[in-house]
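Across the two complexes that follow, subunit A remains constant while its partner is subunit B and subsequently subunit C.
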Partner chain A sequence: MDLKDKLVSSFMAFENFVDVDAAIHDVRSEAIKTFEIQGFPTKKDEAWKYTSLNSILRHDYSVFPKEENALEYHDVKKYFIHDIDTYKIVFIDGKYSSHLSQTTHDGIDVCLMSAALSKPKYRLIIENYFNKAAAKDSLTSLNTAFSQEGAYIHIPKNKVVEKPIQVLHFSTGNESALMLQPRNLIVVDENSHVQIIERHQSLTDNPILTNSVTEVFANKRAIIDYYKIQNDKDSASLIDNTFVKQKRESHASVHTFSFGGQLTRNNLNFYQQGERVDSTLKGVTIIGDKQHVDHNTLVHHIEPNCESHQDYKGIFGDRSTGVFNGKVMVNKEAQKTNAFQANNNILLSDKASINTKPQLEIFADDVKCSHGCTIGQLDESAMFYMKSRGIPEKEAKALLMFAFSNNVLDSVKIPEIKQRITKLIAKKLGVNLGFDL
Partner chain B sequence: MSKYTEDDLREELKTKEYEYGFYTDIESETFPNGLNEEIVIAISKKKEEPEWMTAWRLESFKVWKEMTEPEWANVHYKKPDFQAISYYSAPNSKPKYDSLDEVDPELLATFDKLGISLDEQKKLAGVAMDVVVDSVSVATTFKKTLAEKGIIFCSISEAIKEHPELVKKYIGTVVPQKDNFYAALNSAVFSDGSFCYIPKGVRCPMELSTYFRINQAGTGQFERTLVIADEGSYVSYLEGCTAPSRDENQLHAAVVELIALDDAEIKYSTVQNWYPGNAEGKGGVYNFVTKRGLCENNAKISWTQVETGSAVTWKYPSCILKGDYSVGEFYSIAVTNNFQQADTGTKMIHLGKNTRSTIISKGISAGKSQNSYRGLVQISSRADNARNFSQCDSLLMGNECGAHTFPYIEAKNKSAQIEHEATTSKIGEDQIFYCNQRGIDTEKAIALIVNGFSKEVLNKLPMEFAVEAQKLLEISLEGSVG
Partner chain C sequence: MLKIKDLHASVEGKAILKGINLEVKPGEVHAIMGPNGSGKSTLASVIAGKEEYEVEKGEILLEDKNIDELAAEERAHKGVFLSFQYPVEIPGVSVTNFIKTAINETRKAKGLEDMPANEMLKLIREKSEMLEIDRKFLSRSLNEGFSGGEKKRNEIFQMAMLEPKLAILDETDSGLDIDALRIVANGVNKLKSKNNAVIVITHYQRLLDYIVPDYVHVLHNGRIVKSGPKELAHELEEKGYDWIKEEVNA
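After this line comes the complex of A and B, so read on.
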């Protein structure tokens, strides 16, 4: 039985332990139908031209992990941003782990999707926001059908959340192969400000497939900073679908740091639904081995006077492959749009490859849209300069690569994350640099 | 004079009729509508082709029957009914003439209207012309001068008869029969086209030129062009088209193959002005063209195109940079107005070492038109030190048109250097203000700006052609180009 059939039949089992009378369940039934019709995307789909899921779909994933698993904090401490105080929502094999987490209902809601879906006090928010930003493509629908657990974050009006929120997903490998489908909802009301860090981490060599969907709503003048750290084991794959809807004068930024995993696909979609909105999409990808990272972004400019900035840097070694597919759409009404998109790549090996497709679709005349994309090598004269001053080749290379990705790190607003990323990059490049960025 | 604004320009663009819309009544011999094996054989017979050619056509037809029309392009149109088209039509006054005086006077009048007075151009422009009216070459000039140098420049049907070894060796090598739906169709039913062979080390002394013209109602035109530049030779080839005003959609599916052997250079320039349909988007030519060139070691192929016509354009002149140190270039201006749709661009396939390619594409959209750039730059793993530079700029006039960019970049070699940049803008009010301030009226200012915008490409056209290109830009964007 292939994975698609398995998932479709698992849906019936799933219906046994969720409330099928809830309004939300209609959304689920609808979604499983969509998935059943569309199936998993193949290379024939334009959006998946360069990424094949075949290699990860052949495993026999279990969809419902059987037992509860516990982890000790000191075993997994290194995966947290632990040097600052944060709220934490931690999941182990898809199940909420209360003793690792630190949630709150004090003025803001930082809690669980399962609670939000079942308790009446959240009904209004769920009705207004749940599945309202997510696309109806097959993988998102698959997640919607099984949506049950994940992070639920609601920040009411005029609140600046004083510490960042960490969302962590661990998988322990108690199952021979596991598929996880976390579903997150983040609603930030007027004038509020929040910072979120998301990480998926496998603790096992068993194959893990995560198909995550996150919906983010930035209301008037809200500010959201979202950081995704992807440094998973080579046995784990991640399909991340993030949808951000922005109302007027809101600022939202998503930084994606992809250093690991067998296959990582980031579907990042921004919809600008008000005037003077600002969207930032940035990413650094440094991979080797046979890893594959695919960034698929969409910025849809719907209203006038908005801005978007995209900046993706990639360094590809060994037999790794990188994909960047960035799309900027400017509606007829969205005059005075200012959209910028850049994608710069370095290939370190002849076996590595990069496919990039920066795409513009513009229907308004008074706009400034530009995109640039380069593929190149490290500057030989710069290398020579450093080597002639006694810096070994490896360090010199690393320095240049740091400089290359610095644009993206510059806009990271939490210093601890910047440090962490710097360390990760240094580790990835196999050097020990005696400075903190 | 009252102030001329962009709105006025737009108004003018809307009402501007196709100036070259006329129809010459020449008695034509036309095949019945529809396509089947018998028609393919009949076309082949009509052209008195050898057996291998008939077999080649039939093979193509077989492939075509299995294929479906491509739908990935960013264009929307009513699909042509391939069984409602007549696949062959030829002017009747045969056999060929010894001098121009014998040519049907009406035909000559057609050329006059187009501004290609043959006899005048012979002397003034130094352009040898292989004029194609409805698929059959009726006049070839300057053949003698060319023959002295050993250059073969004739219609493809003549080449099939007289130089079968060359045709057999090269036809279908760059654009295989099963390459795509329209290439397969063309391979099966192509009626005529041009053939050009430049021998080793010869520099072609003049610009070779072909004028195409769709003339008979309801006939699709399937041109086949084959240009071979032998080692160390050089040729500049011009292709230009105008078509009369018609109501039903006409199909044009041409195939152009260029082969540049070691150290050779081919420069291929096109001005395309098929009938774009009227202001309501009715009628107009469907232009589905496959153009591709193959570069051997140290060879160079340069495509330059000015696309102003056609209701739907689907065209990607490409270069396969097979040899080491080969160079591919693509310079394009695509202008769309009213309901025109263009999906055009190029493919640069880097296979050899130290290959270079340049892409400059300028899109201008006005009215309710859609203009797309679609390009592919591919660096294979063996193509060390490949270099590419691409630039795609779009200019939007009015808020009902669209500009789209779909660049595909695939690199498999670490020494590749690729740069791509694209911008979209409109004519800035500050730019117009600057001109106005210096006593240049708005009409002139827009002309200056559009001219400046497309200058990089216009500069690449041969002198004789640049004039015509300017003329066509003028018709497409009347009032904006001075």
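After this line comes the complex of A and C, so read on.
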């Protein structure tokens, strides 16, 4: 039985097992039908032309996580941002780990999707927001059909959440192959501010496939900064589907740092539903071996006087492959839009490749939209300059790559994250630079 | 200090240096002058170890050791410094972080520990004051958006920090106004000692009023065609290079 059939036939059993409202049940049943009709995307789909899921779909994944496997904090501490105080929502093999988590209901809700989907006190938020941003494509629908667990974050109005919230997913290899479908909902009300860090980390060489859906709602004047750290093992793959809806004067940013994993696909979608909205989408990709990272972004400018900033940097070594597909849509009403998009890449080997494709659909006439993409090698004259000052080849290359990634790191607001990313980059490049950029 | 014997070098198959002989002793300042395209910058790059240049024949000895086979960074570790005619912009790396990296990599190559942070700061303060460099300047991205003068001053700042045995100044005077020229030249003069040597590559005599050479060499068509005392530079300034070309051709 292939994975699609397995998932569809598992659905009935799953529905009997979970505890949800009738309304949610209807949403799920609808979603599994959509998935059944569409199936997994193939390279024949325009949006998947350069990314094939074949190699990761052939494993016989368990689709229901069974037991919670215990992990000790000191064994996984290094995957947390641990030098600052944070809220933590931690999952092990798809099951919530209360032991590793630090949730709260003190003025804000930082807790579990399973609780939000089943308890009456969350009903209003669920009714208003759950599945209201998510698209109806096959992978998102698949997640919707199986959505049960993940992070639930609701920040009521006028709250500046001082502590960042970390959402971590560990997989331990309990199953010979495991498919995870976390579902996150983040609702930030008027004038509130929150910072979120998300990480998926496999601790096993068994194949892991994560098909994650995150819905983010930034209400009036809300500020949301979201950091995704993707540095997983080569046996793990991630399809990240994130949908951000912004009301007027809100600011939302998503920084994606992709350094690992076998295959990573980021479907990142922003919808600007009010005036003077600001959206930031940035990413640094540094991969090698046969790794593959695909950024598929959409910014939909619906209202006037809004801005969007996209800046993606990629460094590709060995036989690694990258894709950047950035779509900007500007509706007729969205006058005075200022949309910026850049995708710059460095290929370190003849065997590495990047497919980059900006797509602009502009229906308004008074807008500023710019886009640019470059593909190059490391600057030889800069290399000689640094070497002539005593900096060896490897370190010189690393410095240039840091310099190349720097304007993405520049807008990271949490110093500890910036430091962590700097260290991850240094480790990835095999150097010790002795200073933090 | 430096001995160059019958050096032939080419780039992409094109011969540029066609038999250079030069000896620079500790404590000396040598000026290399010559018309455009005579091979001055190539000579500087070949000594510093730029890989694009192929040494076809001859040898370069630093303190009696052949450095032909050494990579650029290894030559730097042995005390060779090249001040670039066109310093490269490296956005995202501050002047301070760059020089720290250069110093500590050089120390590492010599088997030394990193320089302690307070010592480094003291050194940076001392050298930047000497070259009248503003502190704010040090936290800017290396050479990015620097004026011509700032770039050159930054080169000499790095030279002051690295304290090379052999400094090669490639057209350091270009892009400098008279005040900046004086500051840069004073910096170089303060760094001069009986243990190190300086090669000044320049098109004009102007810089040599401030950094006074012991010897002046004229490079033409890949060869040193004339050498003399510092007065030769004045003669070149007055008469241009044509008479030398004629002399060579005759």
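Everything that follows uses one rule, which is that the second predicted complex is superposed on the first by the 434 of 437 C-alpha atoms of A that agree within 3 Å, B and C clash if a C-alpha of one lies under 4 Å from a C-alpha of the other, contacts with A are read in each partner's own complex, and residues count from 1 in each chain.
By our rule, a residue touches a chain if its C-beta (ideal position, glycine included) is under 8 Å from a C-beta of that chain, and two chains touch if they have at least 3 such contacts.
The structure presented is a predicted model; accordingly, all values stated were derived computationally and were not measured.
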item	value
Superposed partners subunit B and subunit C on subunit A - clash or fit	fit
Which of subunit B and subunit C A:Leu424 touches, first, second, both or neither	neither
Between subunit B and subunit C, more extensive residue contact with subunit A	B
First (subunit B), second (subunit C), both or neither touched by A:Ala135	neither
Partner chain in contact with A:Phe384 - subunit B first, subunit C second, else both or neither	second
First (subunit B), second (subunit C), both or neither touched by A:Gly372	first
Touched partner set for A:Asn406, first subunit B, second subunit C, both or neither	second
Which of subunit B and subunit C A:Pro392 touches, first, second, both or neither	second
Superposition-derived minimum Cα distance between subunit C and subunit B (Å)	15
Common interface residues of subunit A - those touching subunit B in one complex and subunit C in the other	none
Residues of subunit B touching subunit A in the complex	72, 379, 381, 394, 396-426
Complex interface listing, subunit C residues touching subunit A	45, 48-52, 71-73, 75-77, 80-82, 84, 87-88, 90-93, 97-98, 100-106, 109, 114, 141, 158, 162
Partner subunit B, residues of subunit A touching it in the complex	46, 332, 335, 345, 347-377
Residues of subunit A touching subunit C in the complex	379-382, 384-393, 395-396, 399-400, 402-407, 433-435, 437
